[in-house]
Amino acid sequence: MLHFDNDYLVGAHPRVLEALCEDNGREHTGYGLDDVCEHAVQRIRMECGTPDAEVRFLVGGTQTNRTVIDSTLRPFEGVVSAESGHISVHEAGAIESSGHKVLTLPHHEGRIDADDLRSYLDAFEQDENHDHMVRPGMVYVSHPTEFGTLYSSTELHAISAVCHDHGIPLYLDGARLGYGLAAEGTDVTLKTIAECCDVFYIGGTKVGALFGEAVVVTRPHRRDGFGIDGFFTQIKLNGALLAKGWLLGLQFNTLFTDGLYVDIARNGVEQAMRIRRGFTEKGYRRLYDSPTNQQFLILDDATLSRLRKDVSFSFWEKYDDDHTIVRFATSWATRPQDVDALLELI
Amino acid sequence: MLHFDNDYLVGAHPRVLEALCEDNGREHTGYGLDDVCEHAVQRIRMECGTPDAEVRFLVGGTQTNRTVIDSTLRPFEGVVSAESGHISVHEAGAIESSGHKVLTLPHHEGRIDADDLRSYLDAFEQDENHDHMVRPGMVYVSHPTEFGTLYSSTELHAISAVCHDHGIPLYLDGARLGYGLAAEGTDVTLKTIAECCDVFYIGGTKVGALFGEAVVVTRPHRRDGFGIDGFFTQIKLNGALLAKGWLLGLQFNTLFTDGLYVDIARNGVEQAMRIRRGFTEKGYRRLYDSPTNQQFLILDDATLSRLRKDVSFSFWEKYDDDHTIVRFATSWATRPQDVDALLELI
Amino acid sequence: MLHFDNDYLVGAHPRVLEALCEDNGREHTGYGLDDVCEHAVQRIRMECGTPDAEVRFLVGGTQTNRTVIDSTLRPFEGVVSAESGHISVHEAGAIESSGHKVLTLPHHEGRIDADDLRSYLDAFEQDENHDHMVRPGMVYVSHPTEFGTLYSSTELHAISAVCHDHGIPLYLDGARLGYGLAAEGTDVTLKTIAECCDVFYIGGTKVGALFGEAVVVTRPHRRDGFGIDGFFTQIKLNGALLAKGWLLGLQFNTLFTDGLYVDIARNGVEQAMRIRRGFTEKGYRRLYDSPTNQQFLILDDATLSRLRKDVSFSFWEKYDDDHTIVRFATSWATRPQDVDALLELI
Amino acid sequence: MLHFDNDYLVGAHPRVLEALCEDNGREHTGYGLDDVCEHAVQRIRMECGTPDAEVRFLVGGTQTNRTVIDSTLRPFEGVVSAESGHISVHEAGAIESSGHKVLTLPHHEGRIDADDLRSYLDAFEQDENHDHMVRPGMVYVSHPTEFGTLYSSTELHAISAVCHDHGIPLYLDGARLGYGLAAEGTDVTLKTIAECCDVFYIGGTKVGALFGEAVVVTRPHRRDGFGIDGFFTQIKLNGALLAKGWLLGLQFNTLFTDGLYVDIARNGVEQAMRIRRGFTEKGYRRLYDSPTNQQFLILDDATLSRLRKDVSFSFWEKYDDDHTIVRFATSWATRPQDVDALLELI
């Protein structure tokens, strides 16, 4: 069976595992208060160009979204997201469970649009009933989006400007950030993200780590500024504080040494591009234009059932009576020969 | 100034106030555990044809929605509503604040459609990711809807059947129920509602009471059945338990004596029909076809600014560049001469 | 039957009811945004000596505590209270339901002690694990306490000083405040309370109103200061916003005209003092020394069962094998002849 | 520096790490739905003697407590715990954050007492105000307790009987369960726990795993019985669902092969007993009598400051003016020579 189900099919990149093994017998302070984490924080600050950023390591994506959003919003505020955003659809109500509404905007191939956002925020302010409505208190974007698409630097800056005009922090979910940074033609770097966003996370789970996400609060001390009060305690009470926190530091240290994080993501992107080209050449259509490791393809039902015998991938939704949208996901670990085999099957 | 802003512009119906005045010096047990409430419960049970129903009196609508929904849902469940539903738009996130997502369906002149609902619930069950999504655990309808429209008995039964096929309770928000029951041509009675719904409330605040809503849990003891565990305590912890609970019993007792509730609502409907006819005859268009006390009209901007000098009513939203949707609300207390004066102005 | 069960046995003071009746047909803006409320706000500000205070009217006590505390605390904070505090014992978990721990201190006849509080807050700061603990974010006192006892002005100032040294707002629950202000020998006035507290409420339900509590945020705009962001919306989402808000304004307006609030409370205190003297003269012991409208007495079981035939009052708890602590409550509405009759029975 | 700070100072037991390394390149289904987890579930069911138990793997202890408790309780229920319980003191309000009060009983060397529990539950039922109070909906015990002490089988059965007489599930926090099972003289086995408890967890983080806790719901399908509805989704929405769930399965599989879990815990206990004997022989007193890997000792201040130079351990609290209670923790990884060195220092 060829597996293109998702981007968390295997364990860690060998160098990450090696770091965990080498360190295994060493004693550390718990809860991320150790030297290894401190070191990883420094590297991430440097890569982001934000020497004062508060950086914290959490275990998983839903946990991170829940913790960051609930720690930021006041009880009467909600978070604005594309209707296709992960927090809106596939986190089992984690945001609502912590008391906050997800306020949705239409998505444009997975992205929100700065003009839509501005209209929405302006309309909210002008609505004479807005005191009876959920106040937008944060904006959430994912990069890459849930459809594998990317924002341009211009788009991110525009969204950031709208947010800051309205005094609302911008949060970027980078569960698959490596694949975004490694995409061909993107002009968005970690520094772009750190400039635009008040808080974001760098995904480890899907890009070389066993598990782990690094949250970066870019401007925790600016005067007018966004910061997460009592973030450590908020992580704890959300059940997101790993006892052996250095395990996260070790992994991010390795991923942010010698550019490993983006380097290994490149394989994910390359294999995805091969799949895209392969299907396109055979005349299959794509849903949206993803330059990253997730490819959404429209398959006729005959092809679909034929492929299912040898390949596993995700069903997304029915496209029409005879066609289905499916997702092929690659990762840093995808073997080129598996893609060869897939392409031979179509 | 003529006031058509809303349906809670004045105090109580004189007979309700009289009941409060007569009783004022009498001593009662608190928290609704008194004889007056017991009497009101019996009357309501009888009117609904549900001798075993659990009936509780709360103070206001948002409070009631919040308490009923949070008391019913399990932590991983959400409530399905029309996207125009009050809980979705104008309750400041009360439902999310108690931990639950409002799952929206498109509205059809304010109503949800049984087929849409069935498709949604079926799709949820079939979605291979549904364990990562918010499970629909209750269905919410309002009758009249937020646009003044009504369900037919057939429509309510159809929605009820879908709910019960899926093992999901149906909840009806009757903030303006009186105006629904008093509408011309409706075939929905209190008994229809009690048959179709697992829980609903009869709105007092907008129909003759100073304040107050009566929640009816229709089948609290049926074997397979819906019931709200610890409802009294849930009301208390939501801050919805009135110390002098008999004030609510007195009001509902009066409203449910000699058919007062529907009788007085009739005036609200009649005055609304006069407004509708008046505007229609002058060529103004309506948004949707409301047979109840809220009329949504499309006014050109000249008319709008002219009327605003002498009449107060609600801005709803822009219809197009030159037109605006506005709402005129009447109530049991609307004076016919005020409607005369309004109609003369147009 | 003689009723000394509680202090919310009857409706409203006649003048309050009169005000409601007179106004009944008049049209008002909803949600407390009307002129009557504005007027009541001005009166309360004047009485408190806080011309800039934010004043809001809510319906009941648990609702008010829940809304104020949840609106103030950040997600990782709790509220400090005497272990006997209403929020700790008899609000069915309303505070925890909104996400916050009630952190308890031992009570001294219902009061917390400034030294205990300082020790607790200092110990918290010094505890090396405090980032794993609930941070105290507000201090709650009730005045009168749940045992009818009162703070002195010195005590309140001392608690206030500890709070402000630690940057923590002080909140006073004045459900029975009238009886505290009317007590003999007290040196605590509304102005004392407004000086010491960042937020407090003046109870109406138990002191002459049909229902209603007035929340006063004393220093909403001071630079370093405490304020409740989006308080209106927080009231709404807690289900605590009364549609016909002017009903609350009318009542507080009346209560704060010509000193009615304290005047009528005086009867409650006087009748309580008569009960206290009567029982004391017969040799019955008291639990604590309450100068207000609640008297906790220790009855032998023979007396207890004899009295129960003609008098209703609250069982509090067993004192020892043969004695029980019971509560007699009076109010503004207590008839002197009922106290006469009670005293004859003992 | 000698480290006796806690029992999560190093990574994983070598065999656990080996299992992770061997499997690292293998592809698995996510979210614990893989064969490895299934295998681990089977082993745990067998060890517990509960072939039908629902077993789920989570990442950490606070997360597990929060998820289990919130998934079990209804909105108006709280969890009963010793006042010294981890959920009451050191989880930053995770339980309250999810809406539930921790109802405390006095502790007896860390344990709750079945008679105290019965009295509390009976008193609750008999309290005429109990509908205004938080209903006890679950009982929480830790074994070993936070003080390292253990329940006897008789004690656990007694607590279980009280719980079941009152229809309340019993939950056991086994963060350090291995050290409890490996203690000399204990008659509590996994089977005892599975018999007595409705749900419990077997701690991995502190007993040989990198991280991970195995939750066992013992009687998910019994007719009258306890079960956690939608547990998978509840884990997800609490941010506690590990994407690469098989990492947890692999670790528990290894720990439950050839008795490794208890075997390695034995070293923790042995080294703790050496510390206990060493200090006792020198005349130092102990707080309570712990047969497990945590030893609470009372040190005079001179000894304390002398030891601090070479040894790190936890400050617990002041005992009196000249003495301090401190904690020495050992683990499966504690080196005997470190204990030698410690004992030489005293």
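By written order: A, B, C and D. Residues from 1 in each chain.
The definition used in the following text is that a residue touches a chain if its C-beta (ideal position, glycine included) is under 8 Å from a C-beta of that chain, and two chains touch if they have at least 3 such contacts.
These are the chains along with the protein names UniProt gives them: A, B, C, D = Low specificity L-threonine aldolase.
Keep in mind it's a predicted model, so treat the numbers as computed, not measured.
Between B-D and A-D, more C-beta contact pairs are found at A-D. For chain B, the chain whose average C-alpha position is most distant is D. If you average the Cα atoms of chain A and of chain B, the two centres end up 41 Å apart. Chain geometry summary: the mean Cα position of chain A and that of chain D are 33 Å apart.
Centre to centre, using the average C-alpha position, chain B and chain D are separated by 49 Å. Each of residues 75-76, 91-93, 97-99, 131-132, 233, 236-237 in chain B touches at least two other chains. Looking at the complex, you find that chain C touches chain B at residues 3, 5-6, 8-12, 14, 17, 20-21, 23-30, 59-64, 66-67, 91-94, 97, 205-206, 210-211, 233, 236-244, 247, 333.
The part of chain D that touches chain B in the complex is made up of residues 70-71, 74-77, 98-99, 131-132, 135, 229-230, 232-234, 236-237.
If you check the complex, the residues on chain A that touch chain B are 75-76, 78, 89-93, 96-102, 128-129, 131-134, 315.
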